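Next, two complexes with chain A in common: one pairs it with chain B, the other with chain C.
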Partner chain A sequence: MTFTATMIVFALVGALAFVGSIFTVRSSKLVHAVLWLGVTLGMTAILFVQLGAPFLAGIQLLLYVGGVMTLMIFGVLLTKRDGDSELKTEEPSRERGALIALAVFAVLAGTIWLGRDALQRTAVPSLGTGWLGTSLLTRHLVAFEALSALLLAAMIGAIVIARRRDPDQPSEPKES
Partner chain B sequence: MTLFAWLSSILVAVIVLTVTAFGLWWERKLAGRMQSRLGPTIVGPIGLFQPIADLLKLVQKEPIIPQRADRALFWLAPPLTTLFALLVAALVPFGPKLAPANIDVGVPLIIALGGLALIPVWMAGWASHNKYALLGAMRAVAQSVSYGVPLVLTALVPVILAGSMNLNSIVAWQHRHHWLVVWPVFLGLPAFILFILAMLAEANRIPFDIPEAESELVAGVSTEYTGMHFGFIYLAEYVHTLVGSAVASTLFLGGWDGPFGPSVLWMVLKTCLLFSVLYWLRWSLVRLRADQLMALAWKWLVPAGLALVLLAAVWTQTPWGR
Partner chain C sequence: MTLTTCLILSAALFSVGLYGLLTRRHAVGILLSIEVMANAANLNFVAFAHYGGASWGQAFALFVLGLTVAEVAIGLALVMLLFRSHKDVLVDLANAFKH
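The block that comes next holds the complex of A and B.
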């Protein structure tokens, strides 16, 4: 087995994604955790590029960068004012978490192992962005639109929950 | 990666950094003239070496870290701001062959990387442990998230018309047809203006620079920074504006397309021209209030952007738009 540049990059990116995800869960500061999450997501984007899906990588960056930044705002708004508050990671949940992680890993690894023959036989076709767009808006149109409606509903729900006010409190003065 | 790709990457980085250094001098000259001053005159002929003197001064200064700052993030953030701003430049085609990263998803990636540049700004503001810096960072993020939407929408107009997300193909399409601001003018021109506005807001420049409004927030994110750390944040702002101008020229002003001469010259010329116009705006306008800024983004730019995308899609189906 020879080591190619692609493999070295894959190993580095994979390792960084792994380390990032560990730190995301273990960081005691919320902002650090969110930044590590950003590292993990960014590395996943690079993995997408290596797998021949550059469009997915671009969208991953585009969406999750916004997501990460919004999370940071929440992190500051919801933690203590000085921004130094330590997050408590519940100790009893650790074993259960590890168990679930292992189970998911086993399922994924098992699936790949069982399907290894098929993976080796068929070369992955590099389908372009055009193909992706066309199939989303023709073959998978119903699923695509249903997902959009679902996300819209979730968004409206989030706004309604976020705007719920204490009935005793006077409502905010209207902006003029 | 071929040797040519390496060389063109280096060449583009050199072009961007040279023009940025020159841009620092140019802005101060321009601002001086607009205010009946001379601007820098002492260092070098007509003050041309002023940026080098500035750099030397910044390098000599002591880096001070506030006692309660988050040391790692505080150190890491400023170089990252410059790095991310420069990263976008790799995707911009400076000539038909001079495109370091000629990839099919150029447009989404450019916008993604432009948004990424705000994470180190946030890191800097949060790590400083200073309320003005934190407020500046919060404003920067809120602004970037809001203005990212019209930015994506207006960048979609050239994508729809040219039928490609590859920046080089978009320029090639404009080379074959017309520059987008010229024709179809009712789509290209408004989209161009909206794009410029959204881009200025993403780069936190006047009239959208509330994250570092000095009358309210001292210096916003960069309040606690000294020496070269401050230099990096300062530099990132210029690189961001410059690369933004380059992206806007690519998407709407025909990029490297020109009537004669080498293409890279036209690209640099258009970028510098747009850069100057942005600084002209900067020294002419006052900054918007935070609520006005949000109202502009959500009540005007987003609906207008949506309408433009819709119109562009319709236009491609008409006999003139094919």
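The block that comes next holds the complex of A and C.
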């Protein structure tokens, strides 16, 4: 088996994504965790390019690394407690979590390994971003419109949930 | 780089996210773990689109991206609500929303 440049890049990027995800879930400072999530998502964007989806890679960088991460950092900083910022994680739950995650990984990897003969596929050339756009507006039109409605609903919902309701002042101001 | 290695990497990322989901007690940390899991699922979609000839894979990945963004917006709004009422964001406190 010869090691091509593609394989080396895949191995490096995949390893970085994995390490980033580990730090995302283990880092005791949440700001660091958010930044490590950015590493994972950025590495995944590189994998997307390798897998023939450059448009998705760009969207991933714009939307996640640009938008979601900024939101998350705001979320972390705005909810900072006065005392220590250390996360209190119960040790037993940590061990149980590791056990469950390892079991799930074993099942997934075992299934993939058992079906590896069926998974021997050669890469199909990508249909391109133009085709993706066309399919979004023809074949997946209903899903596309549903997604836009969902985003609108999520926006309104987020505003309603996070709106400041002062308990001291009743919602209907009375005449004094 | 084959379909199998992509799927294995994705499974590993998903398991790490699941670990975070089970062990984090801070609400933003749980959101981060969910992002890792959704990202792993997306990687699967794109890999199948590339190798399996599942041409809808990329469109589906795009939908997953939109869904997770909506989820983050709602999740962070809930975090703000939790913080405002309790001055803390450990998810154990979310029980208080029940009444």
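The definition used in the following text is that the second predicted complex is superposed on the first by the 119 of 176 C-alpha atoms of A that agree within 3 Å, B and C clash if a C-alpha of one lies under 4 Å from a C-alpha of the other, contacts with A are read in each partner's own complex, and residues count from 1 in each chain.
The rule is short, and it goes like this: a residue touches a chain if its C-beta (ideal position, glycine included) is under 8 Å from a C-beta of that chain, and two chains touch if they have at least 3 such contacts.
Since the structure is predicted, the reported quantities are computational estimates derived from the model, not experimental observations.
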item	value
Which superposed partner A:6 touches (first chain B, second chain C, both, neither)	second
Broader residue contact with chain A after superposition on the shared chain, chain B or chain C	C
First, second, both or neither for A:68, with chain B first and chain C second	both
Touching partner for A:30 - first (chain B), second (chain C), both, neither	second
First (chain B), second (chain C), both or neither touched by A:59	both
Touching partner for A:154 - first (chain B), second (chain C), both, neither	second
Chain B versus chain C as contact partner of A:97, first or second or both or neither	second
Touching both chain B and chain C, residues of chain A	55, 59, 68, 72, 76
Touch list for chain A against partner chain C, complex	6-7, 10, 14, 17-18, 21-22, 24-26, 30, 33-34, 37, 40-41, 44, 47-48, 50-53, 55-56, 59-60, 63-64, 67-68, 71-72, 74-76, 78-79, 81-82, 87-90, 93-94, 96-98, 100-102, 104-105, 108-109, 112-113, 116, 119-124, 126-127, 131-132, 135-136, 139-140, 143, 147, 150-151, 153-155, 157-159, 161-162, 164
Complex interface listing, chain C residues touching chain A	1-9, 11-26, 28-29, 31-33, 35-36, 39, 42-43, 46-47, 49-53, 55-56, 58-59, 61-63, 65-74, 76-81, 83-84, 87-90
Residue ranges of chain B in contact with chain A within the complex	68, 70, 73, 103-105, 108-109, 111-113, 115-116, 118-119, 122-123, 126, 129, 134, 138, 141-142, 144-145, 148, 152, 165, 291
Residue ranges of chain A touching chain B (in the complex, touch as defined)	29, 31-32, 35, 38, 42, 54-55, 57-59, 61-62, 65-66, 68-70, 72-73, 76, 83-84, 128-129, 175
